[in-house]
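Alright, structures below, take your time with them.
Two complexes, one shared chain (chain A), two partners (chain B, chain C).
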Partner chain A sequence: MARAAGIGGSFGRERTTLHAWLMLAPAMILLVAFTHYPALATIWHSFFSTPKGARPARFIGAENYAVLADDPVFWLVLKNNLIYALGTVPLSIGIALAMALWVNGRIRGKAAMRMAYFVPTVLPMIAVANLWLFFYTPDYGLIDRMTRLLFGWGPTNWIGSQETALGAMMMVAIWKEAGFFMIFYLAALQAIPPVLHEAAAVEGASRFYTFRRVTLPLLGPTTLFIAVNAVINGFRLVDHIIVMTHGGPDNATALLLTYIYDVGFRYWDTALASALTVVLLLILCLLAAAQFLLMGRRTHYR
Partner chain B sequence: MSFASHPDDAIRLADVRKQFGDTAALAGVSLKAKPGSFVVLLGPSGCGKSTLLRVLAGLEQATSGTIELSGRDVSRLPPAQRGISMVFQSYALFPHLSVAENIVFGLKARGVPAADRAARLKDAAALVGLGHLLERRPSQLSGGQQQRVALARAIVAQAPICLMDEPLSNLDAKLRNEMRREIRALQQRLKLTMVYVTHDQAEAMSMADQVVLMRDGHVEQDASPAELYARPATRFAATFIGTPPMSLVRLTAGEGGAVLEGAPGHVLAPAQAAGQWLGVRPEEIVLSDAEGLPAGIAGAEFLGGETVLSCVIGTGTQVLQVRVPGLCALPVGTPVRLRLPQTLHLFDDATGRRIEDFPSNLASPFSSKDNATCR
Partner chain C sequence: MQMTRRMALGGLAASTLIAAPAVRAQAPVELTFNYPVAVGGPITKVIDGYCADFEKENPGIKIKPVYTGSYQDSITKALTAAKGGDAPDVAVLLSTDMFTLIDEGVVVSWDELPGVDKAWTDSFYPGFMENSRTGGKTWGIPFQRSTIVMYYNKDAFKAAGLDPETPPKNWAQQIEYAQKLTVRQGDNVTQWGIQIPSSGFPYWLFQALTTQADVRLMNAEGNRTFYDDPKVAEALNYWRDLVTKYKVHPPGIVEWGTTPRDFFEKKVAMMWTTTGNLTNVRANAKFPFGVAMLPAGKKPGSPTGGGNLYVFKAASATKREAAVKFAKFLTAPERAAQWGIDTGYVAVSPAAWETKKMKDYVAGFPPAAVARDQLPSAVAELSTHENQRVTQALNNALQAVLTGQKETQPALAAAQAEAERILRSYR
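After this line comes the complex of A and B, so read on.
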């Protein structure tokens, strides 16, 4: 009896395991085929030369990386991307929080305001880019009309001149992202029981003190989530650059991702593109790890 | 109670109204309370107790009327400047702060020096028995412990007036009784003026110096627990207080005075009381074998130490409840006789108000002071 039960039991366990693998299989296959394998393959390829015609790829060690280190465009692109991330991440988060606090308060036409702020999120990035192409049009675009009206400035070629192009691209990204992040902040704000603010008011806390000591800490997990996404977007969100400037003028708006695209699919140097991709992945991994370590420890999860 | 101004009143409200759109949550509330007294706002759900407390705290602005606390007109002041502390029904503890940080939150916000803060934290925590839990987060505490943190946060402020909105409603029955006594003891020890909201009349009666019974946004009766029990001012007050509450029956005209339908021979009140309502406390009725109001058992509810009998009067339909000690399992339909107490309560049919001074020493059905037991 006992043996039979034992055998039955182990047979049952095997069947359960088999079932589990069968259930996992579809997702596993997709993940491996389209995520894990390409990632590993990219790292692999970055140590080989680009195959050209009859010449197959051969192992060249870190030579691709050495080429990058000597490539002034790579360093320019890296600098551009750091400026782009440092500008868009804090600004889009800050504006999202400010808008959420504003829309969450007791104001008239709350629902309409929320809609208005959310619209950029719904629009595809290509449509956004076209919209902003119009805004930035020299002389009769929206921006130039406003600067003329307010400051009496002459026409400016916002996306055509080296000094303003990157800033103009950052504007578009912030405009697109802030509304999206606002929705998360709004949801988090509404999950904070109003009675906490009443308790703080009774305890004599000013509005700023309450914000600093109650609201902001309770938004911690949301802020961490948003920050990680914002940083990733700081390297990923380049659709509008491709549409509006192609990385120009003279690489002033070229970022890591647009450069990878150029190297890989315009110059067809796929090995160098692989090396660039590995650099991008490394940067993102380091940043995400740093964020979780620095902020995660100080974040209160409910 | 007169509303003559008294400089020593801790709380004085004059005709306070609060309108939410079309709803009048407070329809002209006036009351006053002495320093160090325990005032309970009592009433059914939705009668405006919380609104009144929040108006007192400054969390809601009164639509009209004046609020004086400790002799100052605070009607236009924010909560922080009213000299109050508050315990919320949900405790409203800050989930990301430790117990200690929760308790001293207000002291820190008000810039009390650190040394002073630490001393007051120690005192308050000791008073409510929290000394060993100061480093925990609220989520790591039981309901009763969270309640104590809220209490400590209120008393550490050393405000002369403390407001509490149904603070015990989330606790189980045993803990509730314990906390009742503790809150009362704390209030007396610290000489706080307490305004305490509850819908539980037993809680109100056991804790209060002064009960403010509310209904539909106005004060139905403002009196001591003893007065509220002995002389309910309205039919509503009569049926709100007591376990079970006072039974109300309608008097009709009969031979020789006012009687109950179905028991014509038993005159209970003078003839002019016909058409009004008679109130009798169930614990003051005595079952008897021979004399008294004829009735039949319609139901019995055993509560452990006592039994509540529902008795239909005579051949009629009106019901008086009778509370008798011990188990009294009389089957439905058993004929009994009820001896009513000397003290009867009479309420006007139209206004619902108590009719004072009617001669209640009419003859037959009243009980003498002999012992009352189940047969």
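After this line comes the complex of A and C, so read on.
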């Protein structure tokens, strides 16, 4: 292509550029219309007041942000979201890796196991939430029956107590995500040339040493990809919270995104919701940048 | 081949373009009717049936029902659509959404519409009109309205040595009965005495307690709340004591959605929930059950609840006229009676209860009349300007107290301060 353009002179180059733009156009139009423009519009709106009936929006500068800084619920949801992300990200990645190593080995019923681990990913989050609502039901729910059988515990109101509600929500997210991440690890594991493991075996390396020095480094790019996704999901995966607790009890399970929904579509304070969205966008941008910079440098691409 | 196909398509397109104005001129008035229920299920069939019957009676009008999910989803959809210039013509939304809809400037009052007279708007139970009128105007027409009642397991009453025909009459009795009905095995409770759901919208059930404690939560203008009134604290302490002091009520937040199931599974002997569950309980309870008015504190009482019919500003003059016809059709005594029988909602006018259909039903199934008999003591559901935000402040306080995170007084004071901050600009 490049050579053809070179021979064809400037006209050819222009045509190539035109082709390139034409090829990019469909994806770009969609991205601009549904991602970039809304993001910019959100930032713009966050500096205005919410229009109400006869009162139009007016410029108020950073007042929305000042309101947020004074809002105890905002700080609470930020804290909740931090705990939620810190809990779900490492755990779901760790479990995904363990499951992938497990079903990558030579075991009976491998296909069925892989299927079983992947099922939660296929289910819609709303269905999952309704399922777990009954798992968590005090007394006759699945979880309570299990804890009674195993530890002899009494009924626990998992999603109705301040202490356990957020943990219960994290469980659902991990359960839902781990199977999805497992698929990536599984694909990456199968792409590792068996020669490397054989070489390690010849050298007399232990299984753990092989895993640490051979398998894990080669999974680096996959881990980076999964980590970025897991962190984004740590802020994005909230459907089950809306279904199961509405952020309650007393905001114990409210996260940034559920709070944005509440402020935007229940209280109709769209300007404040815009400011909240900008905060979320900033956090996500910073996290993604940090991950690429810190982990990217240490990731070994082949 | 390709040419002819293209030409054929073009011709087709052109013909509809040419024909469109003619079709439009003859077209009947089409009303978009948003109704808050998930698509599918028995209720949609009933509503579809009403629309078809109405179209038969009024050949010039077509009704397009749109099923919009839960009440919460429905108000979100209606407001989003209205802001986008695509409002529905008529919608059933919570009666408590009235101030929100007025403030957003998207609805018209029924009094301004052609064919509406005071005789019609006065034909409904006054208890239901409290949430439908403000500033001397009628903004909502009651359609699917409810109150809270107590359902109790008669077998459990017998087993506890209580008379299954006399449910508790007052707060003290309610505790006494609940104590007898709570069954313990060691540290575990196998059957709770009473259950009042506290997930999602605890303020509604709490309002029954405050009404019984003889205090109102808000003023009629919807711009002032009284969350920090000592009597409100008294009501909340009563609820909390059921859990912590008497241990007859499950601890933590009790799910609204699974409460009927707890009742069917005999995990609880008495439950508070909406009359809208009557048909559900009747179908699923495998034991004789009773329905009772809520026990009285200083006085009996319950808030009303449920949905009203609203007409949106965007509707044209002809559509508004059609909307009035449709609302009159839906609330006609015979139909209101049938609707109440089918769903368990309270038929909205005294005339509906005078129909033969309803009288026969009540004669065969007396619990159906409990909600109506409770109406004289019913009050308007908590509703203010910026309703969701103001009620959420109370919800948070209630949940904090019920989960033992905060003391009653400071929690309610904080909720009141939050409500004050929001409502100040509406005075």
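Here, the second predicted complex is superposed on the first by the 274 of 302 C-alpha atoms of A that agree within 3 Å, B and C clash if a C-alpha of one lies under 4 Å from a C-alpha of the other, contacts with A are read in each partner's own complex, and residues count from 1 in each chain.
Going forward, a contact is a pair of C-beta atoms (placed from the backbone, for glycine too) under 8 Å apart; a residue touches a chain by one contact, two chains touch by 3 or more.
As the structure is a prediction and not an experimental result, all values here were calculated from the model.
Undergrad: With the two structures laid over each other on chain A, which partner does A:Leu133 touch: chain B (first), chain C (second), both, or neither?
TA: So A:Leu133 only meets chain C here.
Undergrad: Once the shared chain is lined up, is A:Tyr209 touching chain B (first), chain C (second), both, or neither of them?
TA: first
Undergrad: Tell me which partner A:Leu284 touches in the superposition: chain B (first), chain C (second), both or neither.
TA: neither
Undergrad: Pick one for A:Pro193: touches chain B only (first), chain C only (second), both, or neither.
TA: In the superposed model, A:Pro193 contacts chain B only, not chain C.
Undergrad: Taking the superposition as given, does A:Asn251 touch the first partner, chain B, the second, chain C, both, or neither?
TA: Second partner only, chain C.
Undergrad: When the two structures are overlaid on chain A, which partner does A:Val67 contact: first (chain B), second (chain C), both, or neither?
TA: Neither partner.
Undergrad: Could you say whether A:Met113 touches chain B, chain C, both of them, or neither, answering first, second, both or neither?
TA: Neither partner.
Undergrad: So, does A:Arg266 touch the first partner chain B, the second partner chain C, both, or neither?
TA: second
Undergrad: Which residues of chain A are in contact with chain B in one complex and with chain C in the other?
TA: Residues common to the chain A contacts of chain C and of chain B do not exist here, since the sets are disjoint.
Undergrad: Would you mind writing out the residues of chain A in touch with chain B in their complex?
TA: Of all residues in chain A, those touching chain B are 193, 195-196, 198-206, 209, 213-214, 217-218, 220, 300, 302.
Undergrad: Sort out for me which residues of chain B touch chain A in the complex.
TA: Those in contact with chain A are residues 57, 59, 78-80, 84-86, 88, 90, 92, 94-96, 105-106, 109-110, 139, 153, 157.
Undergrad: Please give the residue numbers of chain A that touch chain C in the complex, ascending.
TA: Counting only chain A, the residues touching chain C are 52-54, 133-134, 137-140, 154-155, 157, 159-162, 245-246, 248-252, 262, 265-269.
Undergrad: Touching chain A in the complex: which residues of chain C?
TA: Spelled out, the residues of chain C in touch with chain A are 72, 76, 79-80, 100, 103-105, 187-189, 198-200, 250-255, 257-258, 261, 265, 267, 386, 388-389, 392, 395-397, 399-400, 402-406.
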